[in-house]
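What follows are several structures.
Each of the next two complexes has chain A plus one other chain: chain B in the first, chain C in the second.
Right after this comes the complex of A and B.
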């Protein structure tokens, strides 16, 4: 108990709180801007974090990390432009709710609530069951990763809005794009057309910006052309979600947060996968599953609770094992070490107050995030009242600037433009862009772990069927592929 | 009121612009006569990036009036950035980081740019390959490991960071030196995944940069048997070097600050002198030690030599 009180003392310092608030603000901004990644925000402020003594710098980085995952949902909902890969699933129902149903305030209120709920839920999981979850996460070897990827790919059927065949075609396109570049399993160079640029693979973020932001902008231009758009002024009276909405999404919030926490604690998987899995499960269990894709509240809450729940989950392997699951947590681990906190099994024994301070920091970051979110919703919603003649050129500029600043490369910009035009056409043909994105995210993971599993088993495929976790995910994938077909027959 | 506000905004913006260009005084002597762009051919937040940013912040403090601007160019697996640096105007205002891949890629047919296109300032890190195994493993020394490997040819699962990447080549080198055979399991996303796999006992050993494994080694779940470096690591003083054990192997993942090859000697001298001082300072060493990385002070000609040596070694090894 004394440790907890020391920890509260460490966090409650006004300067430390200021750092946390500043971090959350920066994080939300970086998350909302497509092209500015969490890692970029963390790397830019890392020298500052090194300079601060004690918890101040760490709290700032925690704030950025939590804020950025949430920030991505703002642009996803209002502009159909996911600020981060983790918010792609949020566009599915968030954008229709904001634009078709003209309820941007409700959508943002839901996403803010869900994000904070997910973050707090996962932090509590981190506090009470970190060692247990860490043990489970260590059970994951290549076959399990492969099975998880296959399960993720099976979600394509549920996000492809009606047309499963086109969804699968989109997914295959994504899988193909994921094969470009040096194959790290064999060292072979694939589909690079002898260019240096493609050696590192097709950049994912430019494609994301292209198929969402640019394609959506082109669509809006076309809409303007066809009819003189009268933008009604949307006014909102309440930024907090209604009790009815909360009741409706409550089970979804719990389920999605649990999914997010679990996926977060497995090294190497993150918010992008978690949000899709959470969305898919919400749709499967919902009474209104037919209405998903048209602005369903559960469809907004699920991915946001799922991706923010990753934040607490991702700290489990970092703090208990000293193994960072992705770039962002690796940066934060570096910051912890600079302050003399060596993450790993010994951390909880040697530096208990600091660990508690991190826990409190994470909780506070989520609460601050919610407060900032709620108070800024009115401002954000004004964005939908901006006339297209002003909004669209600004978005166009942002797509270019955002893409260039991501890798300081013109090639990325070309990729963004090409995929934007392609995305526009594919949208017209009712292809699902989310399916393509899932293919790109999971293609490498599925392939590399498939090959890796077979290397480990000397080519014996039984490795996929003799391991319980692996078998569980493969079975879940099979169910999720077959179930929609069976249901259709019955209906 | 609105107009006053507008005027204020304009003034603020103008002041901001003046402030930004304040660092570039054209009349001053190098390096204070303009910004120095540092191309980092890796994404922000990675190991190369953080060490580069650390190094240049120390250099900036040492070289009064200078302003270093890091620019990340992670395209094409890092090759694009290195090519761009090689082609940059050699006036001392464009520097960049190159990594050990510069010594490997030309011999794998992946790049044409080589160490001969650059002159170096210094290498802030040169992480050696270390032989790391789980605590329960039945071997406690390099000799015992080799003996075990000979008895179990092709059975030991050796984690690496991708086929053709540095830790894979370290393992291939090991096989050749000791006449053993491993089963190579690639973890393309990097050493953190190898650490997770070792801690979960999915693989038997790895040859990789020990800094990523430090938490697990300190906690006693993993043990370090030997290090491929010239001197023992400060963090693991009990782990012998391969050299001490009679096998002079040195595979190290370095990153070096370099300039295009025709950069004037005087300017290079200025940079090298500052780097010499920075790399041997306590603050600089602490910066890396706190991150679990053994700091190095390989400056100037010594760094050029290391890059050339490694290039020759990989040429021998990868061509065969």
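Right after this comes the complex of A and C.
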């Protein structure tokens, strides 16, 4: 209880609250503007989060994470251009409701309510389940952690890549990059090319900004070439949903939130999958299934509740096992690590107040998001009209400033630029950059536990195949890698 | 002779596309073959890079102890394993590409379209910006970069370009320079 009170005190700090509100606002802006993504928002503001030491920076990133997923629905509803991939399903009924039925306020109100409901629902699930899972995972030893890292990496590469083999190659590359620097076990200096810059290892922040922000910016430059930007001049009346609408979508909200939370827990999935599954289930169970696609309220609420519920679900493996589920949670995990919070079961013992502060922060972020959605929606709608010619140079400069301010080093900037260019090209070749990043993040954990396991067993590798939990995770990793290849062969 | 003709046509197409030619116009000017690369070719290039990189990692890792003793594996064992895994993955990709040859030949990767060239020009500007930061410092370089990028993005409103450049540079100076006390790089001549 004392930990919870300390956590409330941490979050209630006016500066921390301000950071959370700022984060939610910026997140909604990033989500609302087509071409900008959740990952880009998080990556760009990551260095700023480090400038705000401790919980303030983490709360700001939590706000961006929640806000950006919701913000994607604004352009999805008004422009039929989803701000984030997670909002694609929202266009199916959101756009017809806004344009055909001429009820943009109703569509935006429903999406705001559903997003907040999904986010709060999944955070409550996180609060209930994470400590229980952390208790179980406390029994894990080095071999289990190694197997868990392999499992996390394998499932992400198999799900998020266009091609499993390229996903594996990306993951291996990430794991290798994590070996650069001084080896934690033997003290040997590895692959530093005799430079002092690499002694401390490859800093993943510049790489992260490069692949998630600069590469995305280059892709946006390509996408907007000779395409006129749709300008939306829409008058929005009332955005608060009516009681009748709330009654109509209530069951859908609960079902979709449960789906989103469950999908969020699975590494490698994400809001896009959750929103489509939630939409599909809503259509299947609805009394008005024939009206889906024509502006059905349940069709707006289901994907939004589903994709926002991913936020809490995705934090379950991050906080309890130290396994990030996607690019966004990898960035969040990186931010926690840089602030001295090593995700994993021990976090719940060593830094319990911080964990509770994250829980409270997530809850508050969703509440603030709803308040902003209801009150500032007209402002966010205007932001969807910001021309790319202004937006993209600003983002370009922010990648430079953010990277430089992280370590006051031009070397970091060069690493960011190279990563960005490589990321842009590799994305075209269907490489998952998330796999590379997660490889870098999990690399230390994988190697240290691999070496530690072999020390435990006096160098006998059979230790990985004689412990049931370890064997289970390794077998699951093998299945997740082989299954997509087999399915493709059959197809 | 035909190779020279092809090469000259390709160069002319590059020139045109960089000059702002539309995709449709480019397609009519040069019939597609250089604008799209098949995924099959890309996969073979990736395989080659993977093989080279994997071998390089294995060779670099071999300079460290590789044996597994009672004290655990040597510092080179894990990276060596990763290098070997990369080689295996690269070979698997080659085999996969050969098995799915037809489908991957049809799958095209856009690497030379007019839209691609916009991104390549932007990469050029970014590299130039890196050099300019070193030469004239961050703030002047940023003030020059913004109008250039805006121009490439088809903005021709000079007032808007100037205002955006001034506004963004001022914002960065106030937030990062003054509030967060980040001293952004200055000119090499002033150091």
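Everything below uses one rule, namely that the second predicted complex is superposed on the first by the 269 of 491 C-alpha atoms of A that agree within 3 Å, B and C clash if a C-alpha of one lies under 4 Å from a C-alpha of the other, contacts with A are read in each partner's own complex, and residues count from 1 in each chain.
Please note the rule applied: a contact is a pair of C-beta atoms (placed from the backbone, for glycine too) under 8 Å apart; a residue touches a chain by one contact, two chains touch by 3 or more.
What you see is a predicted model, and the numbers here were worked out from it, not measured in a lab.
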{"item": "Touching partner for A:408 - first (chain B), second (chain C), both, neither", "value": "both"}
{"item": "Which of chain B and chain C A:353 touches, first, second, both or neither", "value": "neither"}
{"item": "Chain B versus chain C as contact partner of A:185, first or second or both or neither", "value": "both"}
{"item": "Which superposed partner A:393 touches (first chain B, second chain C, both, neither)", "value": "second"}
{"item": "Which of chain B and chain C A:176 touches, first, second, both or neither", "value": "second"}
{"item": "Contacts of A:344 with chain B and chain C, given as first, second, both or neither", "value": "first"}
{"item": "Which of chain B and chain C A:196 touches, first, second, both or neither", "value": "first"}
{"item": "Partner chain in contact with A:452 - chain B first, chain C second, else both or neither", "value": "both"}
{"item": "First, second, both or neither for A:224, with chain B first and chain C second", "value": "second"}
{"item": "Doubly contacted residues of chain A, that is, touched by chain B and again by chain C", "value": "183, 185-186, 408, 452, 455, 458"}
{"item": "List of chain C residues in touch with chain A within their complex", "value": "22-23, 39, 42, 46, 50, 53, 57, 60-61, 64-65, 68-79, 82-83, 85-86, 89-90, 92-93, 96, 109-111, 114-116, 118-119, 122-123, 126-127, 129-130, 133-134, 138, 142, 145-146, 149-150, 152-155, 160, 164, 168, 172, 176, 180, 182-185"}
{"item": "Complex contacts: residues of chain A adjacent to chain C", "value": "48, 51, 163, 165-166, 168-169, 172-173, 175-176, 179, 183, 185-186, 188, 190-191, 214, 218-219, 221-226, 387-390, 392-394, 396-397, 400-401, 404-405, 408, 410, 413-414, 417, 420-421, 424, 428-430, 447, 450-452, 454-455, 458-459, 461, 485"}
{"item": "Chain B partner contacts - residues on chain A that touch it in the complex", "value": "37, 39-40, 42-44, 46-47, 50, 137-142, 181-187, 189, 195-201, 203, 267-268, 317, 321-325, 327-328, 330-331, 334, 337-338, 340, 342-346, 407-409, 411-412, 444, 448, 452, 455-456, 458"}
{"item": "Residue ranges of chain B touching chain A (in the complex, touch as defined)", "value": "43-46, 49-50, 53-54, 57, 71-80, 83, 108-111, 157, 162-165, 183-189, 192-193, 195-197, 199-200, 202-203, 214-216, 218-219, 221, 287, 290-292"}
